Amino acid sequence: MKKILNQPADFVPEMLDGLLKAHPDMLSHAGDDLHCIVRADAPVMGKVALATGGGSGHLPVFLGYVGKGMLDGCAVGDVFASPSAEQMLAVTQRIHGGKGVVYIYGNYGGDVMNFDMAAEMAALEDIEVRTVLVRDDVASAPPEEAHRRRGVAGMVFAFKCAGAKADMGGSLDEVVAAAEKALANLRTMGVALSPCTVPRAGKPTFTIGEDEMEIGMGIHGEPGMKREKLQPADQITERMMTAILDDLKPQAGDRLAVMVNGLGATPLEELYIIYRKAHMMLSERGMSVYRAYVGEYATSMEMAGASITLMRVDDELAALLDHPAQTPFFVQVKL
Amino acid sequence: MSGSVDAAAVVAAVQRVGVELVAQEAYLTALDQQMGDGDLGITLSKIGRALQGFAATTPVEGDIGKWLGKAGMAANRAGSSSFGTLLATALMRAGKVAAGKTELGGEDLAAMFAAADAGVQERGKAQPGDKTVIDALHPAAEAFAAAIASGQSLQEAGRAALAAAEAGRDSVTPLRSKVGRASWVGERTEGKVDAGCEAFVVMLRCLVNPSG
Amino acid sequence: MKKILNQPADFVPEMLDGLLKAHPDMLSHAGDDLHCIVRADAPVMGKVALATGGGSGHLPVFLGYVGKGMLDGCAVGDVFASPSAEQMLAVTQRIHGGKGVVYIYGNYGGDVMNFDMAAEMAALEDIEVRTVLVRDDVASAPPEEAHRRRGVAGMVFAFKCAGAKADMGGSLDEVVAAAEKALANLRTMGVALSPCTVPRAGKPTFTIGEDEMEIGMGIHGEPGMKREKLQPADQITERMMTAILDDLKPQAGDRLAVMVNGLGATPLEELYIIYRKAHMMLSERGMSVYRAYVGEYATSMEMAGASITLMRVDDELAALLDHPAQTPFFVQVKL
Amino acid sequence: MSGSVDAAAVVAAVQRVGVELVAQEAYLTALDQQMGDGDLGITLSKIGRALQGFAATTPVEGDIGKWLGKAGMAANRAGSSSFGTLLATALMRAGKVAAGKTELGGEDLAAMFAAADAGVQERGKAQPGDKTVIDALHPAAEAFAAAIASGQSLQEAGRAALAAAEAGRDSVTPLRSKVGRASWVGERTEGKVDAGCEAFVVMLRCLVNPSG
């Protein structure tokens, strides 16, 4: 295991300590638990609050999107492990601004069970909680079982749109509707070229040959759906794009937000080579790119690989996407 | 008359399971790496340590049920992956059934086992045959209850439960995982043992055969 | 070689094509050469123009900092290879807004020779060009030979400060002075944990053992100054910080801008673990962090490792650092 | 009387060097990887291809000097690493000295060699002994001029230059690199051949021994 860390058990607490030291103007934590990250100005009274949570090892997901115009709080677990229901509850209590709390998070067993427990506990304290599950990964289940799909990079668009709606003063119903609308219009698909290592495990979750790639891997180092020979960038991109387009079925004339996301070790140069082909494929189909996001938005530590997310935008989603945001990892201003 | 266990025995059992979970960290991690995210051993060793700490510092104070419920909360705080959360849920539900008790007879234990089983199914929403811990837990709970009902000793009922858990685990090994992370791995899960089933067997074996 | 690309020879042109397709609102190119990247609104008349250039493989360096408040143009070479003098000249001509052009770039042989040639050619066309060399890497030469040092991540602070000065209406002299002041007050030091592969070369520039690290490596995959056993994060950080502090000699009470930069494959989590220790070391010495930048600012494709840059700021540099900027990779708004 | 070369011979020589640079890509890349950034072979193969293309499509039109100058610009466009830029500079400077000529005698060639040497020193600002291409180029230019001055044939002068270049290259191999990327590698450069010296030897050998 070749990582820059001290004791594996301290990986997450020290990461959080560093993060809070680096961004004291933007981030704080609930109680004395660093795993309960909240906006420095939480609670924002009179605003619907948004919370997420999940395992560590995915920066900037999840806590990197806590800030103005996006999320209010995030419960942080150990690497690839859900935070506890108690931690989620602590975040919920700390960010509640009197208008309810929306949980938006990826469809993973541990997270679902704990957020469900947290919501039950919050209800006992008269905090209205609504849940929106992110299930954008087309590789993880066929369309007829879309409810089984896992949540990957597309969650960032959901955070963005729901966060903008809340920032604009939307009601609990409206914020939930914005998140669901974004999610209904987006799909993601990825490939991995190398595995990653959970610090405490000490060795990679899977191995992969020097000339192989893993189609549809998860962002937790879990194996994907298929192992194949490594292909040229244009073919890999075509592969991902076709899976998304077949599922999302956008039409000529549609506007799409595009995210080409690096999983951790893939150079930005390669992400732009992927973006180029994706852009060309959309142009050929008479579709246009509304906004392009190329970079690392949801990672798996040092995993090499990339994912593509497409979100079909109408005027409402476009406006939500354009709304300014400012978090430690995502700054967007009106052009 | 099937025998009974007192508070000290329950505390000792939790201690023992805690030790065993720490000992099996590498083994369970390796299993979860095959079709999951490789955190099961880590989660359970954290929970194992937490349970040992809890058992060592928290007196039962005349209510085994309440004590088990608190043990479940300690477990959830320590490790909240799918399996960890289900284990915590099982402890809390079993504790609810044993509320106020200072001694547990065969029927009590059978009822606790059944409550844990129901709680795990409720929280995890998996069906038998989905290839999850339920496929080992559910037959084990039923075998335990049947053995107790037919007048067998705790020891015998425990062995029956363990045999049923192992059989349940093996029966789903050829299948494709339908729930949780493993379900995304698809056909490559066929023929591989479910890590959660095996973790449950490890714990149950340690309860039934204290020496190993 | 495990990379997402098509033909190695197309790596840079396709990357540039993708980049221009992704950011048409911010970037354009001079003439018909994609290697000559300029601001979409170039030339900005009446403003001192800033140009940089160098080899590819370092994104976001160099072209990622072309945009409002930072650079006006960038000549892009092949991977780790200088662009040609002709390309630099083309950028120079396209961005010149009548107030002269400042070249700010890293101290590398090929770049220096070609920028010198470009400056000679620009002079023939009555464009006043001034050159500022970035030589921030303390690992690359002892203090008495500081003129030999190479330029690494610290150049981003120089781009930021000089770009802000130009954006505020500074004269050619003032912009050069701002760049030089920033550079006089900053130092960088890095470590590498893994090598990187030039696409056309097909195999890594150097090899490194599973338990080794390279102290003071360059950002071109060139070997560093020393090979050592991999150490815990806090010791690695201490190592880098001590080298910088001994050279820069900040005093108790000083304010410092801190950049913890990932070289490409190192997870953000690890960068924050490094930041934590760096922050603690500054606090222990009675120094404060004025601004923290943690992320990938200057990379070597898929190289694992990190660098730390410290810049001592006075009120002037603080104001330049705080000035808003908006480029494809660097967005900063007033808080 | 030392002989002379005409325009066709110059074009053929440039072609030949172009082919050789492409052929040596892997070898020169490996050398530059030892203490540089590994791009030397790539740069020179791009330049080699560009020179071949230039020589194949650009007629000399009665001025070898101008033609060489343009070849230098084509080289700079194709590959502008340190060595590539110095090679382009050498061609441009040599071309300047040969301006207007249709045939080059021994003295012309010696003057061109010296101009290239001076140009490289001026552009690169390296000193003899810094362990750069200059340590091969400078002695080669001097040996060539001395041989011509002493009445030797072009062929003999070329061989003397090659021997001097090789000796110069070898003389700095034990030293530590003082200029360019290699200088940052420090003591680990000691005992390793300078990639630029070797590249120059490769080119010169190809000019002197056309068959290889």
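We call the chains A, B, C and D, going by the order they appear; numbering starts again at 1 in every chain.
Following the convention adopted for this analysis, a residue touches a chain if its C-beta (ideal position, glycine included) is under 8 Å from a C-beta of that chain, and two chains touch if they have at least 3 such contacts.
Quick caveat, the model's predicted, so the values are computed rather than measured.
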Rounded to the nearest whole Å, what is the centre-to-centre distance of chain B and chain C, using the mean of the C-alpha atoms as each centre? 55
So, in whole Å, the Cα centroid of chain B is separated from that of chain D by 76
Centroid spacing, where centroids are CA-atom means, of chain C and chain D in whole angstrom: 32
Express in whole angstrom the distance between the two chain centres, defined as the mean CA positions of chain A and chain C. 29
Two or more partner chains touched - positions in chain D: none
Going by residue number, chain A touches two or more other chains at none
In graph terms, with chains as vertices and touches as edges, which category applies: line, ring, star, complete, or other? line
Chain pairs that touch, as defined at the top of this document: A-B, A-C, C-D
With touch defined as at the start, can you tell me which chain D residues reach chain C in the complex? 29, 33, 35-39, 41-43, 46, 73, 76-77, 79-82, 84-86, 89, 123-124, 179-181, 183-186, 188
Listed in rising order, the residues of chain C that touch chain A in the complex are 2-6, 11-12, 14-19, 21-23, 25, 56-57, 59-60, 64, 193-194, 210-211, 230, 232-234, 236, 264-277, 279, 289, 292, 294-296, 299, 301-302, 304, 306, 326, 329, 331-333, 335
Complex contact set, residues of chain A against chain B: 55, 77-86, 108-110, 113-114, 116-117, 137, 139-141, 148, 150, 198, 200-201, 205-206, 216, 218, 220-226
